[in-house]
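Pasting the structures in now, so scroll down.
Below, chain A partners chain B and then partners chain C, in two separate complexes.
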Partner chain A sequence: MTLRKRLWTAAPYIVLVISILPIFLGYFWLLISSFSTQTEGLLPVGNLTLEHFSFLRETPFGTSYPSIWRVTFNTFLIASFMTITVVMVSALAGYALSRLNFPGRKPFLSLTLILHAFPSVTLLIGIFFVLRALGLYNTILGVGLVMVGFEMPFGIWLMKGFFDNVSWDMERAALIDGATRLQVWWQIILPTIKPGMAALALFSFISGWNAWLIPRTFTIGAGQQATLSVYLQNFQGETVAVDWGAVTAVGLFQLIPVAIFFIFTQDLLLSIYAGGSKGGV
Partner chain B sequence: MSVTNKAERGGATPLSPLDPAEKRSAIGAWLRNRLTSWAFMSPAALLITLFFFIPVIVLFILSFSDLKSVNFGTLQWWLPANWSLDNYSRIFGDMFFSKFLSNTFFYVLTTLALFNFGSALIIALLTTHINRRAGFFFRLMWLLPRLTPSVIYIMMWRRIASRAPFGILNQFLVPLGLGSGDDLLLANPWFFVILVNGLIGASFGLVIFTSAIEAIPRDYLTASKVDGASTLQTIRHVILPMIRWPILFVVTYQTLSLLTSFEQILLLTGGGPGLYKTEVWALRAYHLALSTVTGNTQWGYGAAWAVILVIIGVAAAIIYMRVFKFDDLVQEPKIDLV
Partner chain C sequence: MKVVLENLTKRWGDVVGVDAINLDIKDGEFVVFLGPSGCGKTTTLLIVAGIYKPTGGTIRFDDRVVNQVAPKDRNIGMVFQSYALYPHMTVFQNISYPLKLTKTPKAEMQERAQQVADMMGIGHLMDRKPANLSGGQQQRVALGRALVKEPGLLLFDEPLSNLDARLRLSMRSEIKRLQVELGITSIYVTHDQVEAMTMADRIAVICDGQLHAYDTPAEVYDRPRTLFIARFVGNPPMNFTEVEVFQANGAYHARGEGLEMVVPADRGEKVAGKGKVIMGIRPEDVIIASEGIPGEVHGIEPLGRDHLVDMKIEDIHFYLLADPSLSLKSGDRVKLVFKTEKSQFFDKKSERSLLWN
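So, the complex of A and B:
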């Protein structure tokens, strides 16, 4: 009886541990592979080595490709452009939708709501032509703008929700004292919703940093516009004998900011990812 | 809700600064109010126009045209004279049409049942049942597949399924005499496609179910226990009925997500192995119109495949909004502000 009871208590843990095993194995292999000459399964073959990290000094995968720093800079540029733009534009629109009365407010609200549920990936073919017409195809700005656009409905709704929860009194006092709407927004309301903006910023940064499909679709191969994901994917497919050590080392390098967020902002991640996930799976 | 109403009332009576100069000119105040609203709204409106409205229109027009790489630059696809419904009849006459359709149904239903709904519910029940901190830890681990860049995530899976002696699974299977050591992904592509997508997708339902379960008043669960109900009976008769709305929401929302998702399949199998073994509807559209591998890009025909998904997407989105009071649900994860 006690054994049965003990098993009953342990059972959930056993199931849960098994359920996270695959991703754990994946990460374990990534680590091992980056630091060993070769791997068989999860075992390193040969010596442990740091040679795979030579990409930090010289271009991996041949000199015809851009250096890792160029690619990292591109990725960082896209991710931070996305973060700043998504947060600012959503905060502007969210404030207006929460506080101002203007014609088209109601329709705009229901529209963003519909767009939030709408699977935006289905529009990639149309966007291809929009980007070409704007001359933004195969540019970092184009990729960044598309990703910002896709994030808009979610960002606006999130921000409007935050503004709705901020008391009206401080703002009213400031307006009576003669402040403009823009001043009120920037100096009084934004500081009170900092945690919300941080959550949206975090979400935007990670999705910009990780993105593959949109950069891959709207730029050409692993050229000067490549992001880390595109770069990494390129070298798994093109070269005949894939240099797995180097590929995993670059992968580990790409994971650094994600890992930092994962370790230090756990609560924020769990709350934002339920509302934020869309498009993908 | 009351907060929203307050905000709306505040908005309905515009609060103009009590500056005397402005009081004099009612038109000036009105104009200023309009301009302010416009200043706040225009960046978002511009982005939504550029990346939602115009693409939808372009997509529809393209789907009526026969634009492909051969006639790109010569065909005036935007002229109604060059429009027809040929692409749509072509879809249904496609030699592999039934294959794409059954692939899509199989992929969506199986992944949804086993992972996006099934695993999500089971893991939510388990992690709320055990110690709080441990539960939090496991939920966080379940978030990892979604947080990992898709390229790296798929790279891990390819290695897990790879042939001996490199593959991780084969490292354990071969010594046990299970399997020949061949590439497991080639042998069971669907198994991995569903698993790989499901592990990402499940975290959505997991977080929503968890907060719904944690919101159930403790008294209900205690009462059920006092009455002698087993754990399974409590789940069946107390917990499940109380979270039926979140369940319905997750199921419908994830159906649409799965129907239109293809990034992981594209990375994992590319729709193969062989001829369209794991090619789903959304991937078909992408391959036709945006994949440069074939060299023969068919924007018009691909757009027709995408348009059908767009129509389903818009219809579903409108229905969700009506049924679920969607705004309450998309904000479910509360990020406390005060």
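So, the complex of A and C:
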């Protein structure tokens, strides 16, 4: 191949590498900074140390503040609650919207789309009053419910899309075989869209795990209900110089479970893009 | 189980899918719904299955009105064009699914599923998933699943359309043989008139939601009631041309563009003096002879056993089946004889047969 042709084939790769470089460097710095006493730019200047990870043993903010383990548990609770609720409710709603003909179906679909695009931040104050009235302010359940509410339109729309791709014949066959509508949904359709559900579960879990605004708004700052992102924010005070090493260490700590989750579910997710079964679909 | 459809209608807003169809199916009979795509035959089938609710009319299974009965309570089995197997279940689980839903004990489930699978010739594939089966095997699993609950009525929705030609032939006779052996009333939907002719006890010809004819294959073939039936049934399709029939010298003659021939009295008397009518004659009823109407060979399609010859008489094309040994070539001039004792005549406007109504 001529040089020109070589450049032409390499061009997409070059563009991709350049685009990813900043992100990659960011993660690179995260790693380096967590293990060094000091960094200048991207490179470690001081010694390699594990002292930033002391937060694993004792809380750096004083005894009234929860330990990292309590905070992690809270985050995990919220993320799991979100995942399970969003997936289950979306699966039921998506099926109804895809298959059943009920009055108000079209308006409901439009509503779902509008809500998905809605800037939810504008509702924060209103939600505060609702939570307080229900006695759910500063509780894990309160935070979880709000997050579920914001994630739901996306979940419903996604699931409806997956249900639309399942052939009607398979359902008809199951109905004739003797299944009730609910049995068709649980025993036949859901197993068929497992990759779709896994994708939604992953998005919901990550969304819950990384959430900052909602937990920050609806829990009292240094309370027992803090999540990892709120915990992290406490490092960035205005009176003391920011200890970036500690910040990145906690950041790395927050990153690890998601990375593991992703590694294990990646194969399952990729099968969404692969073909369906041979013949009958 | 016998099935009676009375004035069955299905409408979606202004669109009429099924238009007042009246049919009765005897117990153990094999009925074929035949028609082109979009004519309403699958819609009718799905109404019988209970998937669609009719807009008007009634359906009776053995004198019991089943309009509002759910599919699972109708005691039916159905085979789909796409097989509709459950991809996440093995062959055994697919076949035994209807039994699982009625909470049949495990041992009985196993026995019956194996029995049906052996009958379908797939007893050795019980542990495979549908994705690892060929099209023909998948179809057999689908059929097994429909049969395992010993239904009173079997429904087929173009089950052989996705199979290759060879397999279609063998599956066709196998389905028919099975149906005769088990004696289950069956409704079979297809657009393939060869399937209809070879398998049906009676054929219901449907077009645009309306029932055009409901008769034995022989009747439908030899005595088509409408132009649509004559055109649709028979391969290669019937030839049509406009003629005028008149009486002269004690015999009936049909005269059209470039041709004139004698028509037997029993047909001629029904058609004479009616102005321009449409005459139909099947390719196998047009013969090359030493004397007759002059025609020119326009094209030849070798079919192996016969040659399908495109003949031109004046500007009108006629297809006929010729013996390959005649070695016809494009441009040859031959003489044609029409076997008018097999001819059909239709009214130009109503498209109804002038002979059989």
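Criterion: the second predicted complex is superposed on the first by the 224 of 281 C-alpha atoms of A that agree within 3 Å, B and C clash if a C-alpha of one lies under 4 Å from a C-alpha of the other, contacts with A are read in each partner's own complex, and residues count from 1 in each chain.
In this text, a contact is a pair of C-beta atoms (placed from the backbone, for glycine too) under 8 Å apart; a residue touches a chain by one contact, two chains touch by 3 or more.
Note that the structure is predicted; figures quoted are calculated from it, not measured.
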item	value
First, second, both or neither for A:173, with chain B first and chain C second	second
More chain A residues in contact [chain B versus chain C]	B
Which of chain B and chain C A:96 touches, first, second, both or neither	first
Touching partner for A:195 - first (chain B), second (chain C), both, neither	first
Chain B versus chain C as contact partner of A:264, first or second or both or neither	neither
First (chain B), second (chain C), both or neither touched by A:183	second
On chain A, positions contacted by chain B and by chain C	172, 175-180, 192, 277-281
Of all residues in chain B, those that touch chain A in their complex	3-4, 6-7, 10-12, 14-19, 33-34, 36-41, 43-45, 47-48, 50-52, 54-59, 62, 111, 116, 119, 122-123, 126-127, 129-130, 134, 136, 138-153, 155-157, 159-160, 165-168, 170-172, 195, 197, 199-201, 203-204, 207-208, 211, 253-254, 256-264, 266-267, 282, 285-286, 289-290, 299, 302-303, 306, 309-310, 313-314, 316-318, 320-321, 326-327, 330-338
Chain C - residues contacting chain A, complex	46, 49-51, 70-72, 74, 76-78, 80-88, 97-98, 101-102, 130-131, 135, 138, 142, 145, 149, 162
Chain B contact footprint on chain A (complex, rising order)	12-13, 15-16, 19-20, 22-27, 29-30, 33, 39-43, 88-90, 92-93, 95-102, 105, 108, 110-130, 145-146, 148-150, 152-154, 156-158, 161-166, 168, 172, 175-182, 185, 192-193, 195-196, 199, 206, 209-210, 212-213, 217, 228-229, 232-233, 236, 244, 247-248, 251, 254-255, 258, 261-262, 266, 268-275, 277-281
Of all residues in chain A, those that touch chain C in their complex	167, 169-170, 172-180, 183, 188, 191-192, 276-281
